[in-house]
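To start, I am sharing the structure in question, which I have written as structure tokens.
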Amino acid sequence: MMEPGLYHILFLSTALFFTGVYGFFSRRNLITILMSIELMLNSVCLNFIAFNKYVWPGKLDGVFMTLFIIAIAAAEAALAIAIIINLYRSHQTIDVSSGEEMKY
Amino acid sequence: MSGSTIIFYLLALITLGSAMLAVSSRQIFRSAIFLLFSLIGIAGLYFWLQYEFIAAVQIVVYAGGITVLIIFSIFLTAKSGESLPKQKPARLIFSALSVFCGAALVMLQIAGHSFPVFSGDAILPTVGNIGKQMLSTEQGGYALPFEVISMLLLAAMIGCIVIAMRSKPLLK
Amino acid sequence: MPDLIYILTIPLLPLVVFLLLGIAGRNSFNKTGGYIGTLSMLVSTVLSLQLAYGYFFHWGKVNGVYQHFIPYKLTWLDFSEGLSIDLGILLDPITVMMLVVVSFISLMVHVYSLAYMKGEERFGVYYAFLSLFTFSMLGLVLSSNIFQIYMFWELVGVSSFLLIGFYYQKSSAVAAAKKAFIVTRFADLGMLIGILIIAFQAKTLDFTLLIERLGTPGSEWIQQAVQAGFLGWPVISWGLLLVFVGGAGKSAMFPLHIWLPDAMEGPTPVSALIHAATMVVAGVFLVARLFPVYTFSAPGVLEFIAYVGVFSALFAAIIACTQTDIKRVLAYSTMSQIGFMMFALGVSGYGGEEGLGFTASQFHLFTHAIFKALLFLCAGVVIHHVHSNELDAMGGLRKDLPVTHICFLLACLAISGIPPFAGFFSKEEILLAAYEKNKIVFALALFTSALTAFYMFRLYFKIFWFKAFSHHGHHKEGSPVLLIPLCILAVGSISTGFIPFGNFVSGDGKPVHTSLQINFSIAPVLLGLVGILAAAFIYKRERSGGNSTSVIYMITKRKFYIDEVYLFITKKIIFNGIGKPAAWFDKNVVDGLVNFSGTITEKIARSIKKLQSGKVQQYTMLYLAGIIVITLAMLYFFNRI
Amino acid sequence: MNLWLLMFIPLITGIAILAASGSKTIKWISFAGASVQLLTAVVLAWLFWGLKSSGITDDFVFQSDLQWFPAWNIGLHFGVDGISVAMILLTAVVVLAAVLLSWNIESMTKEFFFLLILLSAGAYGFFLSLDLFTLFFFLEVAVIPKYLLIGIWGSGNKTYSANKLALMLMGGSALILVGILTMYFQFPPGNRSFDLIYLSEHPLLPDVQMILFPLIFVGFGIFTAIFPFHTWVPDGHSSAPTAGSMFLAGISMKLGGYGCLRVATFLMPEAAQQYSTAIVVLAAIAILYGAFATMMQTDLKYINAYSSVSHCGFVLLGIGLMTKTAITGAVFQMVSHGLMTALFFGVIGMVYERTHTRRVAEMGGLMKSIPFISAIMFIAGLCSLGLPGLSGFPAEMTVFMGGWQRTETIYRAATIAGCLSIVVTAVYILRAIGSTVMGPLRNEEYLKFGDAAWNEKLAALILVGGIVLMGIAPMLLYKLVEPATENIITNIGGK
Amino acid sequence: MLDFFIYMKSELMVTLIIFVLLIIKLGKGLSNEKLLSLTQVLLLINVIIAALWNNEGSLFGDMFVTNKLIGIQKTILSLGVYLVSLSFPGWCRKSEHLTEFMVLLLSSLLGMYFLISSGNILMLFLAIELSTLPVAALANFDLDKKKSAEAAMKMILSSAFSTAMFLFGTSFLYGATGTIAFSALSVSTSMNGLQLMAFVFLFSSFAFKLSVVPFHLWTADVYEGSPIPVTAFLSVISKAAFSFILVTILYKVLLPLETAWYWLIITLSVTTMLIGNLFALRQANIRRFLAFSSIAQVGFILAGISGGGLTGQTSVTYFILVYLFSNLAAFGVAGVLNDQAGIDDIEGLKGLRQSNPFLAWMMALALFSLAGIPPTAGFFGKIFLLASGASKGPIWFILIAALNMVVSLYYYLKIIRVMFMEKPLLESAAIATDRQVKFSLIICAAGILFAGVFSWVYEFIYRQ
């Protein structure tokens, strides 16, 4: 096998990203959907770090992006969980199909 | 094959494998645990890349914060041992298909692109460097985003409080 | 030549009366309207007579030729270089003659109507319409421009419509009015297109110029006009033919005659004025007006006119023999007589002895106007008396209506061509002209002339003889106002034949020598007498005509089913064949397409509503699909550069 | 004369209507506004005449150019030539009559009159504008009020009709919009302009014209009921309230004709020549087809509406024939049809107010009960069938005369088709009149009707006055219009 | 230092308001009525501040940039928020969490300020999140309504998804160019496979916020479920801000990709108009209807954007102003009806002209403006967008766009018809309209009527 490098990490993160996307599309539980989003964001972070490390180490842009993404991910997750809990209270379920009342 | 290589593949395997398990497990609690493994795996990759500060943040915020939050919310909303309802097979197939297409597309583009080779001085992602830039208002400083995100967190907090702390019972 | 601007007052007086009575006739002048109208008509008539006198005897003739005068001309509407509608006055012999005829007959009818229409609810309106008609007819004969003639032509048509439909609550009257208007309008369509063609060929609408360009032998305009062809005929011939179609419509030539008998629904004086003496001869006037053009540009058309004329004359005469409505008989006789005038023009040449037909035609027009008006006015008295138009309701009226009887008889003699009455002279000239030019026409005309005598006297006998009168003995004949016009016209019927008409009216303005040829006259007069005798013999018994079952009689009685043919064409072909499909097409196809575009949009909108499924995962899947598709497209289109 | 005056009067009237209260006051304000506008229009015509006879040879006079959107080089460029003056006069007359005939509107009076005045303002602006953008703006101003007029105060299947009308007209204006925008961007930056005069001096490339001409012509053509986009006309007219129909048929359809002439033909002469056969054929179809379709109608308003399709075909025919005479005829026909159809719709409205039916079969013998109205209806009908002495005659004859100057068979055929329609017109008009005004009295109730009230009389007389004036003295209009058509013809290089 | 205050005056002011509100909340608190008035006053001041002293400059090493046009855009946003605060007093009075509501609303506004002033992808990202997350929370503010919870769920999930996509694209852009600063990006981007792909991912996020088809699907559901002020805010202010930044991104940052994005934009423009119109045709709920109509409007905005250059920029900004007046007027009326009569469906508008002429005419005016009927400003807005599009676009594009205007007219007229031409269902009594709402509606009406005909509004924006 090859020496691991940029492309390996990029492929890994892409795979991770789309794993998250798959989870987003296929899960029915809202919390698992949220988990999938975390996976996607993580893969992006990995991307930024990898680029920063292998291609553009002259500045720390990637690092800062990662840091802020992590912070935002936390805030987003918190808010999403609050909304999910509220939904659970009103619908007594966190199945995503509970939220299909408005359509067409 | 050097040790570093082995470690990378190991970490990659852990990350991706547990991620896949996390999105496919029928037990929601197990999903959460696999997610935790996956996040830790990524932290391991950061270590492997020698971005220790980021790795630390990853472990603290994700593994320590978000995963715990998620697990709590699982407890709040459902029984942990209960297996999740099955998704329709059509949905699974379409998801897989679209995801496969997307991944293939992106990977082909990555493979087809040659990134430039950096020549120059690298800035090491030490805590000191990061901290200095984070609070700098000059060119290359990140003071403003720092302030902005504080407002964002404030807003998110207020939102969470209002939504999660509902006092009145539901009318209907 | 005196200042002729005063001629304008001749047509304008009736116009003023029309406006006055039309606006206020219903209220203020309902009673007095008749007198106002009559008075103004009197003035017009006097002026016309004075003009005629001046023209024919004083200043009209220069170097032995009657001249064209244009004392007044106003550009009414410009079209383009050279083409404009002018409102003008063109004075020449036929104009002056027609002016006299129109104003004089109109005056007679005005006077007669004073008594005849008395007590009508819309008395004032009646006079307004009458004045409108007179104005239009005077304008028509004075026209100096072919488009001007068309304008007044239309106005005449509409006043005829108004007068036929005067009893607007009678459905039959309304139908007749509509029929008259539409049939003549259809003919006018021909005239309009004809005018367009002529205007294009001659580059003018002015009569004087037109005749100069297209009515002068050997002019280059004619050569040009004759060259361009359409369907094997020179364009100019088509144009003139179409103009004649317009004339044929107004003059009730076959097959455009169908409106005339129905038009008798109007008040009888109106029939006398419009449908006997003046309007119906407008076609003859029109052909006469353009006579040089016909002669030199399209002699073929002239021949055609001759055949149409003589056929119409014969055709109408045959039908007239079987009709039982007094006015319809007169209407067919009118048609027949106009046929005479028409074919007289058709067989005429231009100038000299050749031009006898022209003169004869105009002469007959003149005399016919007088005796036919007389016939109608008499018929009016009769109808007034018996309250019916049907011949069956009449008979033996000669005691009741002595004056009318005499007048009617005189008129019948005149129309039958019995010397020395007016009709004899004019008809004789026509026959002579036909004899010299075309033997077939002459033969038919001779026969028709005999037939004329027959049916006229059939009428005469049926009305005034052979029946004991019982039921209407108590009526008096009517007021003198009713009878005076009869007498005047009767005098006219006797005397006008002696006017040396050829001296005054001819195609080229030079006098035509019209001597009576006794040996030629024997045949027609004898035939006329035979007709009279036959009528007397056949109709002396009451309820004659018992052979009403024979096929020929039936066909004739039903006027050769021409009406039915028309009905078929209009109802079945135009209404059901064109109108209905057009309306259907509009409602279903054109409108349907519009509505369809609406429904199809709604359908599409409904069919894609599933996109908005309410499932957030599906939304995001579409999101990703969108990204993938767009990326692929972008890569396909832009990455190759 | 400052042409802004013509815009200000409706504006002030509109504001006054909004500010006023009480339906009587509103009506009088509208009446006053419309009358003053008519006076102003007459003064305009007078001054225009004076200017022309003093030897001014400018194509457009009384110009005033105000920057509106300098960024786009859009100006409020006003100016008139003879055609605009004629159209403005027409509009003023019809609006005044429409106001008078709306005297019985009692529901939502304020809105009604405001919309009416707004419509008229749109029409005035349209006729005054020499800037395509402004022209388009005013054209659209005059669409939606019609929708409301029909939808709110209309009768019958009104929502359908109103929708159809609004959508088709807006569709037309969408085409126009595309046309003028594309035209604008044909020029390099800095030289772009919507100005009509500028554009006429800098003609487009023939290729571009060939694309844009159909867009603009059909766009305006929809307003003039070009076949097959005429179906809004019958429904729209018949559902509209009296004043609405009057405005629609009297003025709105003229916007299209004016636009076809002023924008399409004037600015794109080469394409106009190329397409003239198509236009003429479509116009001939509209004329005959409209006339035949009219024959089958049983509702008075439908009769007049379909006849409008037919009559407006003459406008398009005249424009398509592209000879000076024919174009003059088209303008004549616009004026004539405007007056005549407004009168007809006005009369139908009067009749409908009394009989509460518009079906021909249900009426009869109205002459007995309402002689004045019947007489007016008669006059309107006679004008429609082109009786000399009324306005229809010179208009149609001028078109025919102009048409015959084109020697190609297809033009001749179209002209003959036009001629043919006058017979069909006679058929349906007499049918309509014969069975409403004449004929036996259908209903004894009809005898109780009151004849026209003062407002109805005044409105009818104003319109009849216009019709008769044009009918007996067409030279007045001809003198007004001729220099303008001459100018158009020189520009498009026709005969 | 003075520069700092002047350049960031709006941001500082909004932050100040946020803190004032929070401090009051921490103290005794105020009645909703007073709080509302206070906020309104502060927001009015904010509008004024935003309108004045606009200048060109940048701060924090080009992370924050501002210029006169951005100043105007901020003023427009501030005005919008001020009008929103005026328009829904009924809802606000009933709300238990008015302070929080206002704070979140203002946070989002703050995010939008940063958004249009951002000079760097990180700032862009943070601003997007700052402007979106509070709104997601706000969507849930009708705490006792199921629909509200559903709307918030849909919003947070789909916006998180779009954020992920945005970041994914950004990461590759960063990888390919090595920078996240706009100024550097504008010279170092180039047309190659990876960057095009990255651009699509990045663009999809804007498209999502602007609800461009096919990224629009969340819009209607969220609009329907959210509290009505939030819907108004989302449909007007959020759209406005994202349109502004999209213009900047496309014109300034991604200029090297212009040929690519030009075709993308006009294709999406056409699709968006079509789909938006087709869906709007058959909506029964007022807010869903307005959602789809606003999607169609976005199609037109894209048409304007495609024109590029000064005209594109100006016409988009101008249209947004007009759109703000029109849509807020519509939402204002919808809010009153919803609040006072519980009307949510178009059917409920039946005969509104008879019961509430003022509201009916306001709604009509708003709809006419949205439909682009002269003499409302909407006409000018639409025409200038189309004209901008026509400056480069092929004729079929303009033709489709123009015909779409006609289709959209159909459904706007449908509402007009319901209000004006149908009989009221019941003898619905006149609905009391708050004075604030009236004021707001009148401002909107004045805007609708005068912002077009008086051309200096457009010229003013143009000359910046």
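Just so it is clear, A, B, C, D and E label the chains in written order, and each chain counts residues from 1 on its own.
Throughout what follows, a contact is a pair of C-beta atoms (placed from the backbone, for glycine too) under 8 Å apart; a residue touches a chain by one contact, two chains touch by 3 or more.
Note that the structure is a prediction, hence the values are computed from the model and not measured.
Participant: Mind listing the chains that sit against subunit D and also against subunit E?
Facilitator: Common neighbours, subunit D/subunit E: C.
Participant: By label order, what chains touch subunit B and subunit C together?
Facilitator: A, E
Participant: Taking contacts as defined above, which has more of them, B-E or A-C?
Facilitator: Taking the two pairs in turn, the one with more contacts turns out to be B-E.
Participant: Using CA atoms only, can you tell me which chain is the most central one in this structure?
Facilitator: Smallest centre-to-centre distance to the global C-alpha mean: chain D.
Participant: Comparing centres built from CA atoms, which chain ends up most distant from subunit C?
Facilitator: Chain B.
Participant: Specify the chain most distant from subunit D by Cα centroid.
Facilitator: The chain farthest from subunit D, judged by C-alpha centres, is B.
Participant: Where the centres are mean C-alpha positions, what is the separation of subunit A from subunit B, in Å?
Facilitator: 5
Participant: Suppose each chain is reduced to the average of its Cα coordinates; what separation in Å results between subunit B and subunit D?
Facilitator: Here the centre of subunit D sits 70 Å away from the centre of subunit B.
Participant: I'd like to verify one number: the distance from the centre of subunit C to the centre of subunit D, where each centre is the average of its C-alpha atoms, in whole angstrom.
Facilitator: Each chain's C-alpha centroid was found; their separation is 36 Å.
Participant: What is the distance in Å between the mean C-alpha positions of subunit A and subunit E?
Facilitator: Distance between chain centres, rounded to whole Å: 27 Å.
Participant: Could you check subunit B for residues that touch two or more other chains and list them?
Facilitator: In subunit B, 91, 94-95, 98-99, 102, 105-106, 109-110, 115-116, 140, 142, 145, 149, 152, 156, 159-160, 163, 166, 170 touch at least two other chains.
Participant: Which residues does subunit A have that touch at least 2 chains other than itself?
Facilitator: Residues 10, 17, 20-21, 24-26, 33-34, 50-51, 55-56, 58-59, 64, 68, 72, 75-76, 79, 82-84, 86, 90, 99, 101-103.
Participant: What are the touching chain pairs in this one?
Facilitator: A-B, A-C, A-E, B-C, B-E, C-D, C-E, D-E
Participant: Provide the residue numbers of subunit B that touch subunit E in the complex, in ascending order.
Facilitator: Touching subunit E from subunit B are residues 105-106, 109-110, 112-113, 115-116, 137-145, 148-149, 151-152, 154-156, 158-163, 166-168, 170-172.
Participant: With touch defined as at the start, can you tell me which subunit E residues reach subunit B in the complex?
Facilitator: 15, 18, 59-64, 96-97, 100, 103-104, 107-108, 110-111, 114, 122-123, 126-127, 129-130, 133-134, 136-138, 140-141, 143-144, 146, 152, 172, 175-176, 178, 192-194, 197
Participant: What residues on subunit B touch subunit A, complex-wise?
Facilitator: 1-2, 4-5, 8-9, 12, 15-16, 19-20, 22-24, 28, 31-32, 35, 38-39, 42, 45-46, 49-51, 53-54, 57-58, 61-62, 65-66, 69-70, 73-74, 76-78, 84-85, 87, 91-92, 94-96, 98-100, 102-103, 106-107, 110-111, 115-116, 118, 120-123, 125, 129-130, 133-134, 140, 142, 145, 149, 152-153, 156-157, 159-160, 163-164, 166, 170
Participant: Show me the residue ranges of subunit C that touch subunit A in the complex, using the header's touch definition.
Facilitator: That would be residues 609-610, 612-617, 620-621, 624 of subunit C.
Participant: Applying the document's contact rule, which stretches of subunit E touch subunit A when the two form their complex?
Facilitator: Spelled out, the residues of subunit E in touch with subunit A are 121-122, 125-126, 129, 133, 136-137, 140, 143, 146-147, 149-154, 156-157, 160-161, 163-164, 167-168, 170-172, 174-175, 178-180, 220-221, 224-225, 288.
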